Amino acid sequence: MLNEIVEINRRHTSNGNVASYIPDLGKACKEDLGICIIDKDNKIYTAGEYDTKFTIQSVSKPIVLAMALMDNDWSHVFSKVGMEPSGDPFNSIMKLEMNDTKKPCNPMINAGAIVTTSLIKGDSVEEKEERMLNFFRKIAKNDKLSINYDVYNSEKRTGDRNRAMAYLLKNDGFIEGDVEEVLDLYFKQCSIEIDTVDLARIGTNLATYGVDIETGERVLSESVSRMVKTFMVTCGMYDASGEFAIRVGIPAKSGVGGGILASVPNRMGIGVYGPSLDKKGNSIAGLRVLEDLSRMLKLNIF
Amino acid sequence: MLNEIVEINRRHTSNGNVASYIPDLGKACKEDLGICIIDKDNKIYTAGEYDTKFTIQSVSKPIVLAMALMDNDWSHVFSKVGMEPSGDPFNSIMKLEMNDTKKPCNPMINAGAIVTTSLIKGDSVEEKEERMLNFFRKIAKNDKLSINYDVYNSEKRTGDRNRAMAYLLKNDGFIEGDVEEVLDLYFKQCSIEIDTVDLARIGTNLATYGVDIETGERVLSESVSRMVKTFMVTCGMYDASGEFAIRVGIPAKSGVGGGILASVPNRMGIGVYGPSLDKKGNSIAGLRVLEDLSRMLKLNIF
Amino acid sequence: MLNEIVEINRRHTSNGNVASYIPDLGKACKEDLGICIIDKDNKIYTAGEYDTKFTIQSVSKPIVLAMALMDNDWSHVFSKVGMEPSGDPFNSIMKLEMNDTKKPCNPMINAGAIVTTSLIKGDSVEEKEERMLNFFRKIAKNDKLSINYDVYNSEKRTGDRNRAMAYLLKNDGFIEGDVEEVLDLYFKQCSIEIDTVDLARIGTNLATYGVDIETGERVLSESVSRMVKTFMVTCGMYDASGEFAIRVGIPAKSGVGGGILASVPNRMGIGVYGPSLDKKGNSIAGLRVLEDLSRMLKLNIF
Amino acid sequence: MLNEIVEINRRHTSNGNVASYIPDLGKACKEDLGICIIDKDNKIYTAGEYDTKFTIQSVSKPIVLAMALMDNDWSHVFSKVGMEPSGDPFNSIMKLEMNDTKKPCNPMINAGAIVTTSLIKGDSVEEKEERMLNFFRKIAKNDKLSINYDVYNSEKRTGDRNRAMAYLLKNDGFIEGDVEEVLDLYFKQCSIEIDTVDLARIGTNLATYGVDIETGERVLSESVSRMVKTFMVTCGMYDASGEFAIRVGIPAKSGVGGGILASVPNRMGIGVYGPSLDKKGNSIAGLRVLEDLSRMLKLNIF
């Protein structure tokens, strides 16, 4: 069934485009479409280009949020970043100025994600980076996860819009510490290389409320796991989050690398890869795959 | 337990204020706090001022949306109103002008709700009003529901901001027909008088995916029931929807009359009444009651 | 020389379009271009279609402002409408909501002009209309000025955007009295039929600081005459006012009927007609005519 | 007479505050108020603290604009910065995102001024700085003008909001070259130390259309001199420019250091110093002095 869903939806890839703002993303194969599902009994199902590597990009935002929520008092985190969906594109600056508080709306848009990254603890830049990478490795159950330095360097070189946001956030007191160091860590988190199996593992952990289904180890607290999934529902798919909730009804987070992380509470984690994006930055065929899957397996949580 | 939750949270009523923009709402008793729960086995639990009457106000929006979705092709409905949370106050006009499409963001903010009301079918103004009232009576299982004409007349007299929105929506092609007639029906839907038992009944119907738990009659299709609950999660509590989803995690819709309609899929419907409002227009003690209830009964859907 | 300037610039008419939002404006002849200059010695120069009739539209705004400033305390007028250029299109609603005060930025944008119209004194709708029309006749020295009722009816029928603004202004306390009556008077002032000789007469009166050059009668006080010219400089050409000030440097006000009223202090009044408009709503060839004229006659006031 | 005007208006200094965003500005004496007038016959009139030194801040913007207009094709300059008043505070970022073009509205707001600074020619950072400083010395006829490095260092350290703007402008293609180098030059231009005599000299040069009244040397072309005065009228006093044009009617530019540069075409240049600022950042008593002066000497150009 999974193969069928992938093959039927592969034609939608021609209606989108791979991200082109940095050269390395532009090299992705537009026709690729892959999926991996891991259910709570640890059964693994795959189809299509499920093992192609790509950079995690914005899918890193909920994971880093989970870390920030474990590293800090929640009240401190939410004094720096809001909880509300914004209805604006992911890289909007305007809202930062219009809100009375100037606070970024939520941790899933760039401004809020940069603030979230600044909350990761560590005595040095190196320690922060190492802690972050280790956390991604643990939740994805993959010790080989690493940073794609070509992508990282491109992000850094072309990141003036994110840099503008970060300086504004610094000016308004939402970022402490050195702006360029925070941005460096942010560009690194976005450049972690993964595949759909890694994403499915992360989704499964969220689905089981933070417990590793094989070892029984608790990676996230139940509350943090719920919070992360809630943000994925209200703000996970950029300014198409509302429509995705209506059509699919699963907590999910997309990235411009083509990845989508989805998690069905109590049932399964899903990783999707399809680098051909629609205008809002979501995988155009990946959305269809999840919509079909939700309908067939009755995954809608509402 | 319910009595305890109500009595503990009643003190929060002193931190808010009853709505004052129309005289009749200002007459509500600020200390009031009541709740009714009806579970899917039709067991009814009540506490506090559960049977005080109040006007439904914005809680009418998801119900009228359900009607509009049954009266029209979905594609037609969503060509007139969007699916995205806006992050703006309920009565924002600005977003109408800033969006490329000028389309109201979603059916839970005033602009979108007025459009939704304009989609109700009927050969005459009277027929539309009758159909609407009958639908509310059916889903609330209460034949006595009727319009509070004092409130309706006040709404109409002081409704210049809604009138401004409606003329802008007319100008941009999102409202067909006569603006004053649409507004008249909108002010009537907001002025329907209910209590928490009525709200709990509606919530139970949504929780059972549209089926009347006593008669087995299908009042809403399953898909419409899911859509309505999804909008309640992403946009049901004005610009505090995101925070409510994080803290409580239940589909819910509030109104400035002090009511909150909540629905826990597969489990129960909840009606809350507490006319003392916070700055965003939500019942200040009602929010706390639902937060406590969610934690105690593990109602969070994420 | 005037004929030459007109004929050289007539070719620019093909790069614009006549206003089409109401049918009667669409009937104008796109190639038309005419001008009338009256200097302070009462010498009259004309060229092109100088005597074609058209509706005054937004060119009425500075004249009605002059009336409002004579009918009311200035502090009252400026408590209802601001003095600042907005940089926004003439029909922007957004700014009304974004400003802390909600006050319309200035009397030259639609929102501010509607407020200005509401300040005209009169015991009845009829008296206000009569006073207004008489004032236009006096300052233009033309007893035959009258309202084009076809245009007025079209404006009224299609004026939902202005209606939206007016209800918002009413809601926020900037309009007193009945909104539909204010709009009615506003649509009438916009529908007064004039030609370039009438506009040049008005411009001459402003150039001589309010004194009729033939009779010596004072029509406006010196201060009111200065205020009106100042608003024409800072906000007279919609969101191209700044560019016009740089390129031409003369107080001027345009309208979508194709008219431009210009006034060179101490020297002359100018009326231009060219119904082919650029994207910002200004006469596309009329702007060029004034630019050439300013350079040749050294009219730039800066 | 000048002494009287200064002494009468000195009491208004108590209604404002000196700028405090950098420590050095906060050291200014709030009660100070001084003026210098130089007419076109080179007569000099002074009163109050006319020779107190202060940093030029935003008053540098029209001077650097003049340089940029002489260093570049005008069409190139205006492809990078607009000509329209914005109606927004001087440090607004929002407008950069809302405009279709993303282009800063005009050279008098910070975003536009930073772009203007980036257009100054020079083979090295040092050469640009030297050329700029020499131009200020020449137009102010004061070889001793120099940079206050304490203020410059403070500006640089606390300039994150300007930094945010500059990175956004870089991202959108309005700044070429290195952002930090452009900002460095911008912070230096703002930190030039002057007094009211220097400002009056600059104003006199603008009043005589660019010609040095003593030597007869042309410092600016006539057109550049007109352009600069036009921008001073439409955008010179932040978001109080419209009101200043109405009340005073003289081309003028203010800075948060407390200075105001004014220029009455064909008549005189005026420098004012009064570091107590109103909420919009203009010298609170300085505005009154200019208003009185305009009324007494009939300086209003409209």
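Letters A, B, C and D mark the chains in the order given here, with residues in each chain numbered from 1 onward.
One rule holds for everything that comes next: contacts are C-beta pairs under 8 Å (C-beta built on N, C-alpha and C of every residue); 3 or more make two chains touch, one makes a residue touch a chain.
Fair warning: this is a prediction, and the values are worked out from it, not measured in the lab.
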{"item": "Shared interface partners, meaning chains that touch chain A and chain C", "value": "B, D"}
{"item": "Intercentroid distance (Cα basis), chain B paired with chain A, Å", "value": "32"}
{"item": "CA centroid of chain B to CA centroid of chain D, Å", "value": "54"}
{"item": "Interchain centroid distance [CA atoms averaged], chain B/chain C, Å", "value": "47"}
{"item": "For chain D, residues that touch 2 or more chains besides their own", "value": "98"}
{"item": "Arrangement of touching chains [line / ring / star / complete / other]", "value": "ring"}
{"item": "Touch list for chain A against partner chain D, complex", "value": "92-94, 96-98, 160-161, 163-168, 170-171, 179"}
{"item": "Footprint of chain B on chain A - complex, ascending", "value": "82-88, 95, 105-106, 226-227, 229-231, 233-235, 239-243, 245-246, 249, 251, 265, 300-302"}
